[in-house]
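Here chain A shows up in two complexes: once beside chain B, once beside chain C.
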Partner chain A sequence: MSFIAVEGKQVELDEDGFLVEPSDWNEAIVSIFAKSEDVEELTEEHWKVINYLREYFKKFGMAPMVRKMCKDTGLTLKQIYELFPTGPAKGACKLAGLPKPTGCV
Partner chain B sequence: MKKILIKDFGSDDEVLSPLNPEDLLPIPGENLEDIKFKKIKPETLAKYDFSLDGFSALSLPIPQTKEEEEAIVNSFLKGLEKLFVKENNWGFLQPSVLSTEYCMQCNTCNEACPIYVESGRKDIYRPNFRPEVLRRIYKRYFSTSGKLLGKWVGADLELNWRVVYHLAELVYRCTICRRCASVCPIGVDNALLSRELRKIFSQEMGIAPENVHRSGSMQHLRVGSSTGMNPVAFKDSIEFIEDIIEEKIGRRITIPVDKEGADILLIHNAGEYVSWPENPAAFAILFEAAGLNWTLSSDSMGYEGVNYGVWYDDVQFARVALGQIKAAKKLGVKKIVVGECGHATKALVSIADRLAVGDLAIPREGCLPLLESIVTSGKIKFDPSRNNFPVTLHDPCNMVRLMGIISPQRNILKHIMAPGMFREMPNCGVDNYCCGGGSGFAVMNTQNFPNWRDNLASRHKARQVLEAFKDCLDPSIPKYYCAPCSNCKGAARDSLIEHFGFREKYNIIYAGLVELMVNAMVDIPEPFISWEEEF
Partner chain C sequence: MEDKKTPLLDELEKGDWPSFVTEIKKAAATKKNAKDLLNQLEKSYGENLGHWKHGGIVGVKGYGGGVVGRYSDSPEEFPDVAEFHTVRVNQVAGFFYTADKLRQLADVWDKYGSGLYNMHGSTGDIILLGTTTENLQPCVDELADIGFDLGGSGGAMRTLSSCVGKARCEKACIDATDIIRDLTLHYQNEIHRPAFGYKFKIKVAGCANDCCASTARSDLAIVGTWRDTLRIDNKAIREEYVEKGFNIVDRVIVKCPSKCLSWDAEKGVLNIIPEDCVRCMHCINEMPKALRVGTEEGATLMVGGKVAIVKGAMIGWVLVPFMKMEAPYTEFKDLLDKIIDWWAEHGKNRERISELIERMGLVTFLKAVDLKPLPQMVREPRSNPYIYWSPEEVENNG
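Then we have the complex of A and B:
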């Protein structure tokens, strides 16, 4: 566990740098996480994926399957990796403030 | 290499038995110098115990006071005493007692253990090392001769908090594959003792891996699955899997959910829905084509087949198993069939026998015999020439060595594979080696434990796979590692594909058995299996 300061507030992270409390998420956190996940510049496409993940999480309480994320955003897996070099689960989900995936996944 | 004696197990060395990359036995084409273990930050090392072998599965906080140290020892002793009392151990009392009392110290089991051998034969990983620690503690603190005479009667291990912590970590260096038990001349089950020790740590001391307990079985009981999938998300996944099926075979199938009075309730490991949706899709295609009267359940205890309790905690085990059985009862199905998941099959089909009595008795079986009967019934036409690529078969320890389900999967392959394309691995069937993800390892991803797992626990599997495909390693030949178990697939992805790079180097992909079956179905126009990224 560690903490980062975001706009004057202490935000708790797990050992892999994911938010412990998804409700702590805000846009400033995305810029901070982008650096650690090798995302150089946040583009409209990044935000499309991030907003999609957040909407899905709000509705279903978990991350969507990768295949579904690709279909719903209209991006291929290759494009997702180009946007988020550390991958959909580690990179994209972390920026969107989702918790680390659990279970036999 | 330093010899580690059991009496020194509680020594205050910075690391008792360090594991370094150069200690490992290399697999063909591997350069050990390329292996880098994750560097642990000094503040993490100061806070958590890494002193067994330099790795941490449990993030055990280092005690700060004498009182804290004593509390660790006392609570361990209290748990140990309970392990051998009928009222407190309804799970495995007899085999635990017999395995504790009757080991002859012949150490035949050493060479059967892939972790011991692949580690460069480090003492602490011997299958009989941790049980022997247990035996000596028990003798020292619970037998009259041990209490009085100590080391003069072989009770030479004095307890301190380090012994307890080392032992807690060490029971999470055994995949409980039970290969050691299968070679023991007198049937001692040292792997069971790993599991029974985990029970002391969890049930008495509240010590368990984060991913197995808090975000594992606790989350399962709270929301319906250790993946975090609630019933609404489950139904959404099913709809999406129907879309995948339509894309793949050109027509839509309605997957039955909550169909009362069906013959079969099929329960998958819910990880399939998240990571390998083609697997439940293939089941649905096969069951529909075979005309089976089946259903899935959207009950919060009816769609997740795993039971992480089977790895570490009888209470969690009972809670999950009872929930699953009740979900089946509620639908009034005739039997439960567990999908391609070894631990789920063992837990619900074998171990749950302890609980599923009286009103709770409901027939439960693994999927492989049913899949075999689909193939042999002739209800589905298969064209073996469609599976015209090299395939090898992984034997999940729980289905194969523990439960003896050996021939159905092989008989299926006989009917669906082009001639000469299926090849057994060396040491197949009951003599198989664990994927490296057994007993919770595939889901344990905290600290630097994944380094230990991917490099050591899965190493022998990597060696076997290379041996099975040695005549066709050329990447221009696509190859298929068939692992009919979600957990084994997770280990294959993390270790064989991502760590050892088998896809990139050799064009080996991994998936289950049902995908191969559907790939050979005459009625399916396009191949179901692809070596390319499809989306």
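Then we have the complex of A and C:
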């Protein structure tokens, strides 16, 4: 567990750096997470993915499967990794403020 | 650091066999995290409770898997295993290494991790046990410099694994290690960038002895076999076995599962009914100097092996009775692509291919992957007395 300061507020993160409270999410947090997940500059494409993930999560209460995400956003898996070098789970979901995807063993 | 006692673990050092406790203690002489690993495990043994948190998302650039996050749930008590991630390193097909390559690997892992290994886990990978989040990227970078890559984890095609194959075994009907190498290079994206609902495993066994447990432990098993007839050297049977007191009837003839063998004691000749032989390998294993696999080699593909989660353990069953396995394995790759595509499209989260086939039906699956139903695919006698005819079948057969 650790904390980061976002616009004067202390936000709690778990050991993998995901938000503990999804409601803490805001656009300032995205910029902070982008640095730790090797995203150099947030482009329109990044936001397309982030907004899609947030909408999906709001509707279904979980992250979409990767294949579904590619289909719905029209991006290939390769493009997703170019946008989020640490991958859809560790990168994109974290920036979108989704809770940590569960057990991937 | 205070040297804690580990009486429960010490019990596991007794006896004339190797002990993982002894090995961890050796590592603990120089590595603090190995010491805390022992301490935490001692506590777990005392309480009958594990002290690793479930899951964790860590990774390295460009990869969606290959590293499994491990965190202690008592970081204050065991600070040196607060982060103790597992790195899966793609093994060399058939596990052939030079001593020099292993030393290079050990140098990297001593520098960045606990120095503890599991070679090899049932995944087939070299498992590097225990490093910190900070050390992951430099560790994987240096592994790449000496020619090693990460293996698979999560909803991906997992690290492909095989027996020693033709490299060291005269029973192998297919070049298991070459198949693994070819498929691993071909499916890099599927291995390193998880995009499936769950894992998909492929293992290659040179023959039905199945030294890599492909039938039980992989979603798609490639098992070497032959299409012609067992090669029999009757002179060798007599001289190497029967005349030396080997009881061929008790040890071979009555043990043949399909009763295709008979022994003519008078002439000293082994007879076979070739079409009844199921290529089980038993007679060859008993008399390796006299019997050999046939010459027309290929593989049987078995689908559906797995252990728990949605349903219990399942063993693979025949999907393709015989397929030639010659580089670049185009026929196999085409079929595999269709299988994966259908499964990834229809499978629910954590549903393996065998569970999906059970849920949607073998007929639906076979249509999706363009295979005709064959008697060999029958896994068990049917229990449902009703037969479903598709409308086209009624139309065509009146």
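Quick note on the criterion: the second predicted complex is superposed on the first by the 102 of 105 C-alpha atoms of A that agree within 3 Å, B and C clash if a C-alpha of one lies under 4 Å from a C-alpha of the other, contacts with A are read in each partner's own complex, and residues count from 1 in each chain.
Everything below uses one rule, namely that a contact is a pair of C-beta atoms (placed from the backbone, for glycine too) under 8 Å apart; a residue touches a chain by one contact, two chains touch by 3 or more.
Remember, predicted model here, so these are calculated numbers, not experimental data.
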Partner chain(s) touched by A:77 [first = chain B, second = chain C, both, neither]: both
Partner chain in contact with A:48 - chain B first, chain C second, else both or neither: neither
Touching partner for A:90 - first (chain B), second (chain C), both, neither: second
Which of chain B and chain C A:15 touches, first, second, both or neither: both
Touched partner set for A:61, first chain B, second chain C, both or neither: first
Which superposed partner A:38 touches (first chain B, second chain C, both, neither): second
Chain B versus chain C as contact partner of A:101, first or second or both or neither: both
Overlap of the chain B and chain C footprints on chain A, listed as residue numbers: 15-16, 65-67, 70, 77-78, 100-105
Of all residues in chain B, those that touch chain A in their complex: 44, 211, 215-216, 219-220, 223, 225-230, 232-233, 236-237, 240, 243-244, 269-271, 273-275, 277, 306, 341, 442-443, 445-447, 486-487, 490, 533, 535
In the complex with chain B, residue positions of chain A that touch it: 15-16, 59-63, 65-68, 70-71, 76-78, 99-105
Footprint of chain A on chain C - complex, ascending: 54-65, 68-69, 71, 83, 153-155, 189, 193-197, 344-345, 349
In the complex, chain A residues that touch chain C: 15-16, 18, 38, 65-67, 70, 77-78, 81, 85-90, 94, 100-105
